[in-house]
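Heads up, the next two complexes both have subunit A, just with different partners, subunit B and then subunit C.
The block that comes next holds the complex of A and B.
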């Protein structure tokens, strides 16, 4: 099986020059499938947490976006109970000029800036709008409970 | 060789398809628990095909997708009682050797294929008039 040169390049660069707080390693038996770890950003409710994700590059990549999902439970208005992520660049705003690295950086940024106006988890988003302080407390508790290293 | 989609992303695609509904709505399926991050246990329904003893009956089923799915097929059981040659009459379990899509499983198949295949079995010439247990009874 020949892997497109672009994917090989991206994989090499992710290993050689990882973005701060992000690691991505491909599976030996499936080089389009990555184990990802994102550290919860400082000053966010997810600070101190270590979040596991999985990422898959479909056949059409880079014409289609990567598929990404959280494996660690997280209390966030744009991430649902199954770990699916609501992020425009993973859907209609995808461009082949983006990369695995940019996708993961965007997810990291989403942790710093939850957006309850474009929710995926409706109950969490409502909580965020009604009582942001309390929602942030819940997010911190979940981080402690589910995302401790 | 084409990209090999991992278990969880395959199941997520299936979930999205199932949530939208398949074809004419005669078969449907979804996750048993909406927050099951392993996406292992599913339920399904089949509306009995017309012009058979199954007409207007609604059958409930359950699926289990193990760690090896979709390399290995799901296990499938009827919750509603049904008399079909491929269904174990004691526990409702579908015998994988007696259902084509399970015995010739391919990793591109999904839960939809199993439901459609079972519905086809219900309508098969030899099965369409088989005497059935009372409607609504369960295994």
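The block that comes next holds the complex of A and C.
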């Protein structure tokens, strides 16, 4: 099975011109599977952290969205214990005109702006709503503990 | 119920077009379809009974005609083409009034929402635009497709995108431009130009499905492979007091309220409650409390499976009497006799036990009869196969003609429907509070049950040549009688629901 031209081009561009704070490299034995590293954005509770993710392009890509999951533990209202991400463009708002790069940039933006009103991890979201300062402290704590390079 | 001022009786018997006392929302639903003019496939008798509702069966052609009629009406009002009107109506879930009202307020917004362009002369397909690269496949060859937002993608990718949306996601209401966060709707013209014919057929099929699903007074017949829909104009709020049973042209009888098989005389909410009760394991808990006791010291659950009343809890070693639950130390040596039974200290525990045992037995009483009729209905189906053979046999062995041996088939049909009714009378009865009207109900129920069993017995008799005429008369008489007993039960329960005569031992309206 040959790899669509689009995926080859995207992979090339990710290597040649990576987005700031993001790296994505595909596995040699499976060119649809990517190891992703996102640096915690400045001025966010995740600053200084290095987060590992996995990204997989399903057969139907780009008609279907890529599957993305955090591998590094993270204290975030839109990311659950298993690393699954609640992000509209990964679900019903997916468009085939989006790319791996735009998806990863959106995830990076999600780290800067947690959205406790559309939670995936309910307890974390509640914590964020009840006591935001304390929740941010916990997130910083987790970043130090699990995401330091 | 709605704020209607008419009594329920008049309500059922009245022409619905006169019904102006509904709230605004449902009022619109009535007007929305009232002039569509479906062709009547099933015409109900002049005088309807209390347990019957008015309904119409619609074939696919009727559904298409209804859409066309609504569209041409709207096209006339808004001064748009039939096709444009159809697209507008679809985006408004076929709610004519709301569409016209909103259209008058802000026509451009409504047109955009539905993906309709009134002076549509834009080409959809552009041949090799300059400097074009498809944002989906990253290729720059071939022709491109784009909407008024000018987001161009190559024709193959566009076709794949629409096919994915239609075939995989079953989307037919609103497909957006493939560009991220672009809200422009792909119009039907573009879809027609871009997708292969098989996908277009699917698209139209989904649109017809959506039409029936969008309208509250239409339902698909749930029978397998049946493509008809049924129209029933009763408001959903009335389904607490009416069991809206309809029959499709394919013969399947079902409830318009919940799409389940015929469950007269029990109303939908009660059926849901009963099924939940039968399905969940709340009765396991009932069994436990009826058959076991708790150690009065450590609360472990204990089932006594033999031996004397001197119990020693295996867990905490507490010794007690099984009969009175008091400590054994006060019992002396009366191992099989507890003479302390009347002691007040243990009466509470025993009361509790008796109550739960009674409630379990009550449930089992109704459930067993409910399940039994379900089972018997299955046996009836076997009986029907046998009956067919019997009918052939009768044609051979007697001088009766084919039409004259039909009495057996008719008898089995009546028998099956009566068993279905009987079955649900037990679920109904389970929730009835004990009073005089309930006793009358149970009398009717018993009469039907006795008649059903008598007919069932008659049908299982071996056929003797010389007694065929006699049997035929007996079966005919019984069939008519059983049918009339069923009518009595249904009529009485339906009237009772309308008059709020029944008193339930649970809150039926909660669901």
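Please note the rule applied: the second predicted complex is superposed on the first by the 149 of 149 C-alpha atoms of A that agree within 3 Å, B and C clash if a C-alpha of one lies under 4 Å from a C-alpha of the other, contacts with A are read in each partner's own complex, and residues count from 1 in each chain.
Basically, contacts are C-beta pairs under 8 Å (C-beta built on N, C-alpha and C of every residue); 3 or more make two chains touch, one makes a residue touch a chain.
Nothing here was measured: the structure is a model prediction, and the numbers come from that model.
With the two structures overlaid on subunit A, would subunit B and subunit C clash, or do they fit side by side?
fit
By the touch definition at the top of the document, which applies to A:19: first (subunit B), second (subunit C), both, or neither?
neither
Which of the two partners, first being subunit B and second being subunit C, lies in contact with A:9: first, second, both, or neither?
In the superposition, A:9 touches subunit C alone.
By the touch definition at the top of the document, which applies to A:71: first (subunit B), second (subunit C), both, or neither?
In the superposition, A:71 contacts subunit B only.
Mind checking the angle subunit B, subunit A, subunit C on Cα centres after superposing, to the nearest 10 degrees?
That angle rounds to 50 degrees.
With both complexes overlaid on chain A, does A:32 touch subunit B (first), subunit C (second), both or neither?
Touch status of A:32: first partner only.
Can A:105 be said to touch subunit B (first), subunit C (second), both, or neither?
neither
If you stack the two complexes on chain A, which partner ends up touching A:136: first (subunit B), second (subunit C), both, or neither?
After superposing on A, A:136 lies clear of both subunit B and subunit C.
Does subunit B (first) or subunit C (second) touch A:89, or do both, or does neither?
After superposition on chain A, A:89 lies in contact with subunit C alone.
Determine, under the contact definition given at the top, whether A:63 touches first (subunit B), second (subunit C), both, or neither.
After superposition on chain A, A:63 lies in contact with subunit C alone.
With the two structures placed on a shared chain A, what shortest C-alpha distance in Å links subunit B and subunit C?
When the complexes share the chain A frame, the smallest subunit B-subunit C C-alpha distance is 11 Å.
Find the residues of subunit A that appear in the contact set with subunit B and again in the contact set with subunit C.
On subunit A, the subunit B and subunit C contacts do not overlap at all.
Any idea which subunit B residues touch subunit A in the complex?
1-6, 8-9, 12, 15, 34-37, 39
With touch defined as at the start, can you tell me which subunit C residues reach subunit A in the complex?
135-139, 151, 153, 157, 160-161, 164, 168, 178-182
Give the list of subunit A residues in touch with subunit B in this complex.
So the residues of subunit A touching subunit B come out as 1, 30, 32-33, 54, 56-59, 61, 67, 69, 71, 73, 81-84.
Can you name the residues of subunit A that touch subunit C in the complex?
Residue positions touching the partner: 4-6, 9-10, 60, 62-64, 89, 93, 95-98, 102.
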